[in-house]
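Mind having a look at this structure? Questions to follow.
Each chain gets a letter, A, B, C, D and E, in the order it is written, and its residues are counted from 1.
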Amino acid sequence: MNTVPESSKAEQPAQEGAEAPESPSATAATAEAAETSRQAVTDRSAHLKGAESAVLRCDELIAGYLPGVNILNGSDLYVGEGELIGIIGPNGAGKSTLLKAMFGLVTIRSGTVKLKGEDITNMKAHQLVSRGVGYVPQTNNVFPSLTIEENLEMGAFQVPGKFKERFEFVAELFPALKERRKQRAGSLSGGERQMVAMARALMTEPSVLLLDEPSAGLSPKLQDLVFIQAQQINKAGVTVIMVEQNARRCLQICHRGYVLDQGRNAYTGTGRQLANDPKVIELYLGTLAKA
Amino acid sequence: MNGVKIVVTTESGQPVAQVTTNAQGTWQVPVEKAGRYKVTLDVATLPKNAAVRGGNNVRTPTVYEGNMSTVLFALQPKGAPGQPAEEAGGEGSFWTQAAQLAFEGLNLGLIIALAALGLSLIYGTTGLTNFAHGELVTLGAILAYAFNVGVGLHLIPAAVIAVILAGGLGYAQDRFFWGALRKRGTGTIAMMIISIGVALFLRYVFLIFFGGQNEAFAQYTAQPGIEIGPISAAPKNFVAMGIELLVLIVVGVALLRTRTGKAARAVADNPALASSSGINVDRVIRIIWTMGGAIAALAGIMLGLSQNLKYTMGQDILLLIFAGVTLGGLGTAFGALVGSLIVGLFIQLSTLWVPPELKSVGALAVLIIVLLFRPQGILGRRERIG
Amino acid sequence: GGSDTATQPSESAAAPSSAAPAAKGDGTLTLGTLLPQTGSLAFLGPPETAGVDAAVKEINEAGGVLGKPVVKYDTDSGDTTTNIASQSVDKLLAQKADAIIGAASSSVSESVIDKITGAGVIQFSPANTSDKFTTIEDKGLYFRTSPPDKLQGRVLGDLVVADGNDTVGILAMQDSYGTGLADQVSKTITDSGGQVVERVDYDPKAADFSADVAKIKAKNPKGIVLIGFEETSKVVQELVKQGMPASKHKWYMVDGNTSNTNYVKMPAGTLTGVKGTIPGAAAPEEFQKKLMATNPKLQDFSYGPESYDATNLLALAAEAAKSDAGTDIAKKLAEVSKGGEKCNDFKSCVELLKAGKDIDYEGVSGPVEFNDAGDPAVATIGIYQYGKDNKYATKALEYRTGNISG
Amino acid sequence: MHADSTTNPVTATTERKAAALAAFKDLARDPGVPKPDPILVVDKVVRRFGGLTAVEVEHVEIQRGSITALIGPNGAGKTTFFNQLTGFDTADAGEWTFKGRPMNGVPAHKVARAGMVRTFQLTKALSRLTVMENMRLGAQQQKGESFFRALLPNLWRGQEDEITERAEDLLTRFKLAAKRDDFAGALSGGQRKLLEMARALMVQPELVMLDEPMAGVNPALTQSLLGHVKDLREQGMTVLFVEHDMDMVRDISDWVIVMAQGAVIAEGPPDTIMSDPRVIDAYLGAHHDAPLSETELQEQLHEAEAELEAEIEEETQK
Amino acid sequence: MDWVTIISTTVKAAVGVETVLYALAAIGINVHFGYTGLLNFGQAAFMAVAGYGLAVTVTVLGLPFWVGIGVGLLAAVLLAIILGIPTLRLRADYLAIVTIAAAEIIRLIFRSVAFKNVFGGSDGQRGFSDGFYALNPFPEGDYGFGWFTFNNRVTWVLFVGWILIALSCLIVYLLMKSPWGRVLKAIREDEDAVRALGKNVFSYKMQSLILGGVIGALGGFIYGLAFASVQPDIFGTETTFFAYTIVILGGAARVLGPVVGSMIFWVLLVLVNGILSGAVEAGYLPFMAPTQVGPVRFLLVGIGLILLLVYRPQGIFGDKREIAIDAR
């Protein structure tokens, strides 16, 4: 089963470099890529160079859910110490899958993930947590039958001593949570859940934070807060990888961005480069916000 | 009763014999043919202060060839009403009986609750509807029996060893079996059917090694009851109930308060998210299996103590365990306690009105009725829509 | 059910016996057992199988039947909750069984009787007690050596009254065995002037029996009749617990629960004075040793004698008929069971037969004399009493023999 | 395929839009203001959870043939309000009419049949049905949905083909055509949102209530779908939607209703509403005055950062 | 070892009465559970009321056979309605327990001494099948070929049974391909979503419960007629469990799943039994007594079940992709 629809194959931009131009569409894509190569660097050698000093890096990841169907088709990604990385892309591109694969929630079929030089491919999530990685899933990101407070307690599972201190911290970010600390998360509104999810990941003071659409469902006010907070945390030295559909905002704050399509890196570059790239705008960002 | 006149005739009224009772109040008439006879006691010959109970002084026994047939005239002091004395105190005896049954209900309810707790824990954390749980209950009892009767230990150390061992087996079960299945991504429905397979397997292993008969522990069998108010119960019942209640409360509170307890509930809600929060999901599940196994074993020992051991003992109460768990609200520890107590009480108390052979009907009907009004069980919570 | 055969259209009764392949006989007497290896009656399986085994062993030691050793296949009857019995019967029929010994449960027997008798094979149950089999349509091929409820119930009821129990409570297992026996006991007691103040039919699979016993306790009867199988030990515990020990009330038991192994772990004296009835003329001890020889792990002996007798009778009838075909054997079964020179094991009986004499097999379980319906007509009931050690003395207090019907 | 709608943003004011705008033109900006031609009229709906009053709406009317946005902070009660209206939860008090028919106490499926269909914020994909089957399910009055007619395929084949055609159309628009035969359970978060909305549109309702339809949907796709929503209005459908994306609200809505703490606090056309200080305070926050230029955005960000940093410093100093 | 007997009995089991009646029960469960997601663990009750409806009508009331069939079917429909009204609002796992409870209540009442006059207590009822065999077009004798040889009574039962199976499968096939079936499958996945799309979920669940119940009821008839008796304990929870096992073995929500599942189940049971007892009789397994064959067979069936589901969790016909999608 091929998940690539015929129509989008043609417009599919750069494959991952010149190594494997297998299909006719790939040749077309290379031409396109050449055109935009000033802004969007998709060269694998560039990746390799940049990845040398990376905190977290993925090389040629191939992963999927169902037997025989790969969702990630060899994506590369690295993030340097203290960097804020954004990942954008159409729905179903594999962004969430990429995060899950890095975090040990989807089985990686080939390729490697390294954290600070250590191979963490297919390592269990809880082991990564103890190595300082935090993760906010896109869906199902709270424990519905636990209260808000217990949800946060679970966030601090490995560092129970720090719970009080961190609780005060997240309560200040999202005052709604403190008021409702005894409410079961299952009865929260969509946005409130999102707050709990975000707060839960912040309980441990991770050194690498993976955020999957943290702003979805939040009110504009809180969306601001999330983006500011992400930057804030990043400034404090935390490496952040953020998947966002609020793409423009995301690219505005991130140091570098990746555009993922069909499980491959379509474009990479600095946030600003990507945000201004007409091709990226047309295919992934839309013009609504500018109109 | 001496000197009472008895007249024996055939069914059609032909006289056969007439005798008077001897000093012990007995008499005998040899008859020639098999058939139905009519025996009449001459009331006039009874002592002044005595009367035949029920007032009927005629009996029509059938005598068979080569056999004796006995006829009995029960006597009572004259003037008393026709009913036996103990039936007269209807009201009092109703409440005595109710009290006794309520006690029995608690006794049974606590055992069910203990078994239900183990089931509920495992269901709660892994989503597995474990039809083999009854066999884990049996396993506990049989292990204790092995150490008690087989090895010759006193029941108490034997029970302790059995509980520990069963805990270990619970651990091993998850470590080598259920855990491996989870890793393969086996769905909960498939696991449920697998648990039916496991139940079959274990049950027949028990049958092969333990045999099909009833057995009892070497100690505390048929312990005579003591009377406490309207209730008569064996001392072992009180001790057992104490232990059961203690375990239930300790485990229930631990689940609510301790970190591992909360982690267990977190795993129940969303294993992937739990793992993402730094919880070692496999470890939590293993702890739960260990506890579940140990608690089920304890329940089995208590059941064996209060009743007897048989290879189907767990299977026989499995439905009640499920009823208890469901009634209380699936996956909640205290729900299992409350639900099971209600099941236990209803089973016993319903016999005040329905024949005992149908006593389970009462409890099961209550289950259905309660769920009508509270579809999420007594302590369960409704889910939010949207 | 021979009595019914006459009223059946003759062709349907006769035709299968001529059509059925097994009816022709192949010279070897092949027996199948259909006894509970699994299910709720699994505890009855071992003694029954041991009874058959013991008999087959003796028969083959005595030279077999028709000059060939008897062949035996064991299958599982399960209980009614699974449909194993039917499959087992298929297998036995495929193995050309001439007679099938079983099942233990009346319900199971009922579910396979059509299949077995339809194939011209004898069904011989050592344990069925349901009245239904007396009238069931069986093409004259159904027999049983089961304990005769009616007589036992009468003897027991009489015993209860004779002991001066004017008020009696009955705790009976709720199945055809228990309710049948309880009905008979209850009737006898009432006819004799006793009063059955409470009768409780309990579900043998119930989680506990406290409510059932509490019901009896509320009426405080002098005598308590316990009818059931091994679950009686739970009932006994409950009686003791609720303050109705055998020292205060008189307890009575029946063949299903009068046991020397079931109660031994109870405190000494728990069962002192308790009386129980067991069919059969001989003290069971010697025979039990015989069974233990085939299965040393045996704990319970229920229906062992009946199974043993069934096997011997089948073998003798085959000898008498000079054929191993089911239909032929069936015709001779009543004949060898009564009216003739008495003998009580295969070896002696078969010698008499060979000498051309009419024999009357007297079994371990009783005299076993078949009536037209294939039910035993005469039986002996022994009355036993428990001592301080919670075992009953192997010598009966008395034996009572009588016609079962009537 | 999506390119046509992206490259040609619907700028021309169409007939329907004009009608809608005309209807709203002279209305007061008060909460609960009566509309000239309301399709849905809500009165005094209250829903409490324990001590929390999630919804307490005095009066609200939804104009027929318009696109109305319902906005409000998280936990304002928007979803709960939807739940009451569509029969998924029972209100503690209140009455509402749809097309003049009282709808309180009407079970959910009847509400939907009456022409009022909602989507779920937390999506409900029918996991082990294919995407196509999900879509087909949405169609109403299917002959094959009655037991006996189902047994005779000839009776429903024709209709099924029509439905399939319609579904294929929608799927293409929603960029799900490639997923047509995949199980819905194997969709990504955003794709589920898309399916949820597409499926609701299969019902062809008179009033469609969308609960955050575009949260998690790629902005380029959102843009093309907005065109589709506008088309719906052209077809005479009424749209009521909850959304936190102000760009979208501004782009397509004719009217905006603001909820906070269960109550409707303001109503008005999008531009007016977004400058309402109460709305800014309760909901929009610092940079309500979008669209922001990039520099502005950066500035604001820096401002906010500085503020926060100062706060943190303060705190660390303490 | 007597391989001929073993193979022939095994082959026979593949089409035998048990296979038929469990297949029917399982087809019903497949409608409930496989397609609609109703965890009905009370299928035995549907079989029971049908069997008893027939038996009581004919033996106790003395009415003709066809009336009995009508009463049995009506009883199954009524049971579905009575059971459905209160329980169809419950979540799946609660429904499971409630239906077990209801089935046990029914069994205990059928079995009780209190109603012995009507239902016959623990012995059940018999003597109601004459009407059925009077219709038997097969004259006295044996029918079939090779190992598939049955006497005329069994042939008649099997003939009717397999026709019923074929009919049921056909109906299920037609229904599940139709929009009606689509609604059922959607309900299985998420009721609320279906409600939001304007379908009357309760009504569909009820239709499903009735349809599956009636198919199960056919199994009850076959049981009663084949064995010429009905007994309460046959209709215990075990029967339902086995039927579920059969559904999963064959593959849930597959039209032929239950039929093939039933064949496999009984073939497995009989084959294991045959080989085991053959081996014991032949002395290959000296440590085993012949009477241990029964327990060991079930033990092996347990293991077989486990292995099958471990290595093929989707069953014989199931779709692996469906299993991979976590339904939770």
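Everything below uses one rule, namely that contacts are C-beta pairs under 8 Å (C-beta built on N, C-alpha and C of every residue); 3 or more make two chains touch, one makes a residue touch a chain.
Note that the coordinates shown come from a computational prediction; the quantities given were computed from them, not determined experimentally.
Least step count on the touch graph, chain A to chain B: 1.
Of all chains present, the one whose mean CA position sits nearest the global mean of protein CA atoms is E.
Mean C-alpha position of chain B lies 29 Å from that of chain C. Centre-to-centre, using mean CA coordinates, chain D is 47 Å away from chain E.
Centre-to-centre spacing of chain B and chain D amounts to 57 Å, using the average Cα coordinate of each chain. Counting partner chains per residue, chain E shows two or more touched chains at residues 108, 111-113, 192, 292, 295, 298, 321, 324, 326-327.
Within chain C, contacts with two or more other chains are made by residues 36, 38, 42, 45-46, 174, 201, 203. For chain D, residues that reach two or more other chains under the stated contact definition are 79-80, 88, 120-122, 186. Only residues 11-12, 15-16, 19, 35-38, 42, 45-46, 49, 73-76, 78-84, 86-88, 90-91, 94-95, 106-107, 110-112, 114-115, 118-119, 130, 132, 136, 174-176, 179, 201, 203, 295 of chain C touch chain E when the two sit together in their complex.
Interface residues of chain E, counted against chain D in their complex, comprise 171, 174-175, 177-183, 185-186, 188-190, 192-201, 207, 211, 321-322, 325-327. Within the complex formed with chain A, the chain D residues making contact are 1, 6, 9, 49, 72-76, 78-80, 121-122, 175, 177-179, 182, 186-191, 193-194, 212, 215-223, 226, 244, 246-248, 251, 283-288, 290-291, 294, 297-298, 301, 304-305, 308-309. Across the interface of their complex, chain E is touched by residues 86-88, 107-110, 112-113, 117-120, 124-129, 133-134, 136-138, 140, 142-147, 149-151, 153, 156, 160, 183, 185-186, 199-200, 202-203 of chain D.
Chain E makes touch with chain C in their complex at residues 2, 5, 8-9, 12-13, 16-18, 21-22, 108, 111-113, 116, 121-124, 126, 140-142, 151, 153-154, 227-229, 231, 233-234, 236, 238-239, 242, 266, 269-270, 273-274, 277, 281, 289-295, 297-298.
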